[in-house]
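In the two assemblies presented below, chain A is common to both, partnered first by chain B and then by chain C.
What follows is the complex of A and B.
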């Protein structure tokens, strides 16, 4: 059964409180039982405690699947990119290196790439993915576009990302300020910024 | 299952339609319905070629059988002198061709047994264990009965080919190979 078309995933990093509920809940999903497939990334860790959850963005043209030499990564009709097919995956980690969002995880003990599949056992029957169902601040939201527009008056959903010369359109939406709504989000922009640790002094050790 | 609409599902990186994409992209589709889709033409091709392969195989088996019958029984060959083989011992010999290793077992004063040494599972050489009344194949632990050559344990399903023997004038002669299926 496909994921109902009117239900969409929305990530709102500004609402993330770093509680790791999603990380815990993710490992309880039946499609990847025991393995948490969500990343909780720190933004500017040296300056702030701000975190942001990273789930698979389910790209319209998934780079992970494009680069897979074993033809193991497939997308279902509803646009959900699934974990690698076990009989095909050769554990080469090409997908891990290629994904602009850093989502796929290589389980070297299983010799299998596993990734967020939007809790396919739940979302394909109309339920919320585990992370979205537990998130206390609703930084992860799974529902209709009307709902999110009603709940977040000051935010808008963007699903276009730029990674170098590649524009990636995704099934999952990122919430951005409505006033300054960008055309796309530059995934690699952080790499052009100055190193954050540059001005940390080590004069503590001087006598 | 109905054929999925190719243009509708595949969203290619450069945005051009599926038909304009390189062949490899069409051969290795990202979408699951296309990956699992088998075209009627592919299926027919597979069926025709497989049937053809079976038909050719049958003809080939027929020709091989005919050639084997034409060859007839191999010539009688002397294996050993009776006095050279003590009771309870084993010797190896080649019969009918120099590369066909066989085993000759003397179990009693007048009882002689001979089998091809090739295990009927994957052609490893079997080892005679006369005191246990069996042949053992060390590769996958296959066991054959010493007196009949029939498999008693392990993966082999067919008995060892029996070499028919003739003992006269103080010598043991191999007179033929008896291939058996059960």
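What follows is the complex of A and C.
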């Protein structure tokens, strides 16, 4: 069964509280069998409590699959990019190096690339992925576009990203503030300067 | 003498904590659970709904419970990994007794023999020194049924006044403040009111880490246009995206609230009609805040004048609002005053008792609310009745079938029990799910006191740091091995369902308690056959009290996803929101919505005093303590769950770069923090997210890593909560790791 079309994934890093519930829950889904496929990045802990969850964005033209010499990475018809297939993956790590979002991980003990596959055992039967089910702040949200529009009046969903000259369109959406809605967002920027961490300092009125 | 039977390390080798990781079963693909049990998390006061997967009589994982309205499937990492406790290798499967001649310090003993030993010790000590020489300390994670039973056991079987609970360390300041102002001790609103508020004020609550599910409610308010004000010495995850952050100096909250009320009055941002019609005592409070000018408030609190003014304006002019606070303002020797200050600005605004207008404390412990209402607190009888009130006493004596003269009077609080042990006034102790060796302040003193006990019996499922001092340990039950109710932070009574049986010789705690009563020959009134039977009696015992549970049944809880107390009759749906205009209560009897005979709320002067131990030349910094998201309380459970230990393996000393620089400290360096009571050496975490005059250490670790070696046991005179959140400290760079570092596993 494919992932139902009306259900989409939305990420809102401004809501993330760094609790790692997503990381802990990801390892509980049957597709991943004990391995967590989501990463939590600290933007710069010395200056901010801002954290960012990183899941596979499920690109329309996945670079990871394009660079795979063994054709081990499959994108299913519903747009979900799967982990490498065990019989084919030669553990060359090309995908790890090529993915613009830094998502695939080489499990050297298994000699297999594993990555977020949207908890395919769950999402393909209409359930939410584990991370989005548990995320206490709903920084990770899985639902319909109507729901997200009702719940996030101040933000808009964006799914086109620029990395240098490469433009990537994804199945997964990032929530960005509506009043400063960019056409593209550059994910790398949030990781380079602690822009979000800096914002909070503007609100701090201390002596 | 309850000294450790052998070296601590030897005990730890046998009984842990050892980190348990994923079970093999779950890794096997295609495993279908035999059944799925709807229940709740075993940890914090939010009590998230969760479904446990059971296979071959073991809990092997969870499934989000999307329908449960409070958390709608959301869970924090503790809830996700809690199932790993079930088949944990450290689990106590039989009774043990201390024996210094065996390597681990404890040897197995037959359950019946262990019960006989406990009963004999109780009899001997009480015969020699009177009934109050034996005390009982209980946990606030126990179901309400167990709390009720233990309260009854203490008073009817032990006949001691000295019973208290670890909710004493949690939210008793809020409870006392609430009772003084509203006549009732419960969150005024359900959390569903938060998203409809225009301003959300959060004081001393690290919501993101200690009540993570609440974050979604707060940010939904923000999404709807609310302004979020956070008051904390640290930029916690919830503070990061707030609209106004007030970096208060630890222990100065009453001053801030007085300063805000001063500005509200000055600018006439107050609800005169509400104050006139529904409150008493405003004039005296107004006079008391006259001196709290913005400048004085700023000088005392360390917050800029401009920020204080902005907060007062946002709060004062809002049409709807929600104020919440937690241990940050309550864990003080003046915690009740801080809470009263918070309530004063709520009452002056008139925004309470309506949709989108509310006030609440964020209960920290699983059943911090339900447990104390029904008898495990030294001064309370079931139904939140007062043990000193003769009418209340008579009512409970009738339910219990005893003479009023035989019902003990109010006992002393948990810390005073420890002091009485130290002074030799209390010689025997039973503890159940309480780990004061880690969780009480100044715990070197606690250790010394425990050593003096003539007899100590612990009921627990792991051999926690305090139980290591015991003479006999009775193997109790895990959360998923019993049924019963708990009351979560909104006041919603919910049902814990049994998923599996107790393993080995372990028993459900209520059975152990009744077995002791039986062995004492004092089983009268303690012969319940099930938690449901206990609940039925508890309903009768609470009838007509403030915390009236008489209309609540297990079936109703299931049908309604929980029932909010008070619920005084079978056809009553429960009370999600207190103090609604026209609402009835058994104290005011129609005179008004608040729980006083005249139905009016009370303004109380919130007196500001600095922390009992303020900074000086010798100890120039403030130490404040708190939690991290992957651990819970004394860590007795979470320091055994491998993935949670990995997430936050060690306590760190959080400090500002400016402070670190003064001492030549870099991130990750070893640093010694020292107070008048003790010291610890931990790694530094240098971050701009804390005030430069304050350091923070999380308290979940025991022994040499324990933050509570440092904290001050000064207590609030009214609530008796200890001053965990502020004491004077000094720091210095250490020359590398301390000697003991290499000896212990990370989670110890």
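Observations on the model:
Rule of thumb we're sticking to: the second predicted complex is superposed on the first by the 186 of 207 C-alpha atoms of A that agree within 3 Å, B and C clash if a C-alpha of one lies under 4 Å from a C-alpha of the other, contacts with A are read in each partner's own complex, and residues count from 1 in each chain.
Methods note: contacts are C-beta pairs under 8 Å (C-beta built on N, C-alpha and C of every residue); 3 or more make two chains touch, one makes a residue touch a chain.
Being a predicted model, the structure only gives us computed values, none of them experimental.
With chain A as the common reference, the superposed partners chain B and chain C fit together side by side.
Touch criterion met: A:71 reaches chain B, while chain C stays clear of it. When the two structures are aligned on the shared chain, A:136 is found in touch with chain C, with no touch to chain B. Of the two partners chain B and chain C, it is C that touches the larger number of chain A residues.
Of the two partner chains placed by superposition, only chain C is touched by A:15; chain B is not. The overlay of the two complexes leaves chain B and chain C separated by a minimum Cα distance of 23 Å. Interface residues of chain A facing chain C in the complex, by the touch rule stated above, are 14-21, 23-25, 27-28, 30, 33-34, 45-51, 128, 130, 133-138, 151-155, 196-197, 199-200, 203-207.
Residues 22, 26-27, 29-30, 61-62, 64, 66, 71, 73-77, 79-81, 208-209, 212-213, 215-216, 219-220, 222-225, 235-247, 298, 302-304, 306-307, 310, 629-630, 643-644, 647, 657, 667, 685-689, 691 of chain C are the ones that touch chain A when the two sit in their complex.
Those residues of chain B lying in contact with chain A across their complex are 4, 9, 11-13, 28, 30-33, 35.
Contact residues of chain A toward chain B in the complex are 60-62, 65-66, 71, 73-77, 82, 166, 169.
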